[in-house]
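Chain IDs A, B, C and D follow the sequence of writing; residue 1 opens each chain.
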Amino acid sequence: MENKRKPYQLVSREWKKENTVINLKNTSIGNGNITVIAGPCAVENEDQIFTICEFLSKQNVKILRGGAYKPRTSPYSFQGLKKDGLILMRQAADKFNMNVITEVMDTNLVDEVAQYADILQVGTRNMQNYQLLRALSKIDKPVMLKRGMSSTMEEWLLAAEYILSGGNDKVILCERGIRTFETATRNTLDLSIVPLLKSVSHLPVIVDPSQGTGIRELVEPMSIAAVAAGADGIMVEVHNQPEEALSDGAQSLYFDQFSGLINKLKVSTAAFGRSLDVETEKILS
Amino acid sequence: MENKRKPYQLVSREWKKENTVINLKNTSIGNGNITVIAGPCAVENEDQIFTICEFLSKQNVKILRGGAYKPRTSPYSFQGLKKDGLILMRQAADKFNMNVITEVMDTNLVDEVAQYADILQVGTRNMQNYQLLRALSKIDKPVMLKRGMSSTMEEWLLAAEYILSGGNDKVILCERGIRTFETATRNTLDLSIVPLLKSVSHLPVIVDPSQGTGIRELVEPMSIAAVAAGADGIMVEVHNQPEEALSDGAQSLYFDQFSGLINKLKVSTAAFGRSLDVETEKILS
Amino acid sequence: MENKRKPYQLVSREWKKENTVINLKNTSIGNGNITVIAGPCAVENEDQIFTICEFLSKQNVKILRGGAYKPRTSPYSFQGLKKDGLILMRQAADKFNMNVITEVMDTNLVDEVAQYADILQVGTRNMQNYQLLRALSKIDKPVMLKRGMSSTMEEWLLAAEYILSGGNDKVILCERGIRTFETATRNTLDLSIVPLLKSVSHLPVIVDPSQGTGIRELVEPMSIAAVAAGADGIMVEVHNQPEEALSDGAQSLYFDQFSGLINKLKVSTAAFGRSLDVETEKILS
Amino acid sequence: MENKRKPYQLVSREWKKENTVINLKNTSIGNGNITVIAGPCAVENEDQIFTICEFLSKQNVKILRGGAYKPRTSPYSFQGLKKDGLILMRQAADKFNMNVITEVMDTNLVDEVAQYADILQVGTRNMQNYQLLRALSKIDKPVMLKRGMSSTMEEWLLAAEYILSGGNDKVILCERGIRTFETATRNTLDLSIVPLLKSVSHLPVIVDPSQGTGIRELVEPMSIAAVAAGADGIMVEVHNQPEEALSDGAQSLYFDQFSGLINKLKVSTAAFGRSLDVETEKILS
């Protein structure tokens, strides 16, 4: 689709024709199946994370999301449980044989987060935090790079290029909505970028319809739409008590909504000739 | 999803619970089936429009799109065949038993366009041309209201409210991409607005992935994604010779791409428990 | 500053090196002096418009603004006094020897508005209403073309090109703020476009800080900043009772604020080596 | 202007009525005078920075800007001289009795940058790098917080609140343009935010017309407009050989353009009843 000389190289299809596959315990991202990543916005306490993790485990979800270090717009908002949150996520995930993805906000935290997480996430506010990207290029764990809320595709791919050019080729892209004039949704989920990314880059692409829309009821249709657009997976927020959540309650799914979503996704992905990773055999720990 | 008092009324679900259905010759919009509207960006000559119309007719497409009066950014660009274009579209559509949708750009043209078209389209640049909306509120033909390229959902629904409050309740909404900072795609197709619109309004919602993305290769995935998001149909640009098109060639599908799209859509819509209107029996003229 | 081939011609400095000057009764726009256009958002009644007009006349303002046909987002908002508003504006302006500028919303209204107004204004929602632009290209009155709220400079100049290429070279550009993600102000006033416009085009440029910011207190600093940026004038909303205004009260100046603005502007423009048109001798009728 | 409860506190005028003044060697920011900060985009070599610094010193500029650690969109672009750049800036500034402002990109670099700089700058990409903001809240040097390219005023003030609430009240805000759909300028300089910020906050506000417009010829008019809008100063890029600059050459002023700007600014600021800090007596080292 694009013929002009691209400013990025290692992330491009021209450089590497085959899809990059990220191998994790029990599952892979980018192998053709649709990955489901789920969990609360933030780890709040032991009971919360274990309850959610157990529920997700029964749904055969393989990757638990949750924030331990939280980048909050206000210094007075809940900032996450920090290291305690990391420990709780790891314990819950280990008990239920799941993988952990969580955000790393600073170069000083890379080692600590890498100790507990299976995938390190770079948040939208740090997509162009180049020192952090360089630090992540030196570790041997996958990195999920969320799109900056006002980043063009080219800037996003160049941010990924920082990680690959530093030596870490295990990068996953995550579309999470961009900032526009529209306020009816929290962000504007840019699904068109998904097939465009798949065309110009070999990296797997995850879509986050929870952050992307900010409205719980839109998560199901936009998850299916994301898969229809060619995404390799979705990341959704689920909470045992959304109305009590310390952050992002309005966009977190109730458990029964999540089960319903999985059922709908199974049917749709089958129609697209693909499978959900939650449909693959569960490997007991 | 929204509880604050809304500034619109007649277009809302609170006012009318049941979906609005627009009845046309051989088909309906908003009745649960997925409508396929297709045709060239602009009517260019008799051979072109008849060739395209015949092809679409064989695909059982029921609604032909095409521009006769074209709103072009530059006064020096091709401005459309005007009345001659309307006549050609009508003749082609009649020969192949199809409906015609085309844009009306001005109050002075409402009568003329209404004489030849089955659906009158308001383009993105005229969404807040209130004199035009008022004129269209007085006719007895359906109106498709494209979203202004920088219009919020609320402004869009209020524009529709102009038409309904004037007496014409046959309004179709069309999402065609909004203007953002991203330049990798021509516009940013806002699919999240589709389920939100379906929730707050009873009006049918069509998605235009050709205008929305500006890139031919993205039309198929975004068409399927649009249906996944809950759209009542899609409108796509098709041309017998896209590379020779007088406008929007880069986003127009080749005939074989269009056939492929229809096949993919049939499978997906079935998975969503819906059907394409092109799958319904063709009524011979 | 720009060397690539431009898609517009007649509006460009390459085409016409000298500044375009719009001659009106008692004053000119674009002749080096700073033009002050002022008045209410909408004409509401005889008392209101005469009171405001008399006040402005005492300030030696030469051009009265006011809406008779109002493009309102909601069909249920005050839509203007229409022809009665035009007549009232004309009467008030004639009594106090001023010029009238008011918006024309539709081709059907061009003759009527041209009968009463000295300058016809195209509003932001109609900047790409090409039938209207063509109609205005055939009249012998100046046209003020407000920037579309999501229009690039190039699209704006091409809209102006529609008017010039049709035969009317009396075009004034008006920056009135663009739509962005920022909601602290009603729009984002793009003052950088002013010196850029002055560099690439010979047309006069007016700035509207009332629409541009939506906040009364910002009108004074942004008026001075507009002149500092090189604008040929400003257009501001003034009301005798802003808190009672039927539209845009929050951005309308009180009389004493307007007097204060004029005093500040006199000092600043003098520092820039220019004069306000209100400082020129008042010609009695 | 705003009466709703604000989410920020320490940065607000309600909390502290008097303007915050940042005291530096030979000058102050926010004391009523207009501060001029100038220098190259990046320190490139000893000759370059000393040549520029000497020139600026003759203009009586008190604060030298320059990048040592450069956040570049591409990993393959010049990334700055890093520590060597800091040392060169310090040496040049000391020789000519000036202050140094330079960007700090990461928590790990705070100590190093604080050792050489008089003001630490947070760049637009790091405005919501909260770990960095927290680290800067613990140092005893002023911090200049540039606006995130898609940050609302509220998000910006909340980022400043991170620094103040951590214990550092020496914060300067810098408007440097926001990201919009307009591509004629590099960013859209949001001057309306200046008087709004001055109204709601006690912090000094600097405007960067070089980054804000990306076009050398616009720097002078937008600098004067910034002062007209109420800014406490400007930050501009100057280079001895803009056409040879390793970054941002197109927006860097030539020496004679800078001298011209200072002369124009002197006249304008006098008209506004203010003075440039370059007009104050130079204190010899």
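Everything below uses one rule, namely that a contact is a pair of C-beta atoms (placed from the backbone, for glycine too) under 8 Å apart; a residue touches a chain by one contact, two chains touch by 3 or more.
All values reported here derive from a predicted model rather than from experimental measurement.
Participant: Of the other chains, whose C-alpha centre is the longest way from the centre of chain A?
Facilitator: C
Participant: Which of the two pairs, A-C or A-B, is linked by more C-beta contacts?
Facilitator: A-B
Participant: Would you mind pulling out the distance in Å between where the CA atoms of chain A average out and where those of chain B do?
Facilitator: The answer is 34 Å.
Participant: Quick one: chain A and chain C, Cα centre-to-centre, how many Å?
Facilitator: The separation of the two C-alpha centroids amounts to 49 Å.
Participant: Counting only residues that touch at least two other chains, what does the list for chain D look like?
Facilitator: 150, 179-181, 183
Participant: Can you tell me which positions in chain C touch chain B when the two form their complex?
Facilitator: 7-8, 71-76, 105-109, 125-126, 128-132, 149-150, 155, 158, 161-162, 165-166, 179
Participant: Please output the residues of chain C touching chain D within their complex, sorted ascending.
Facilitator: 1, 150, 152-154, 178, 180-185, 188-196, 199, 209, 212-213, 215-218, 221-222, 224-230, 267-268, 270-272
Participant: Under the stated contact criterion, what part of chain B meets chain D in this complex?
Facilitator: Touching chain D from chain B are residues 150, 179-181, 183.
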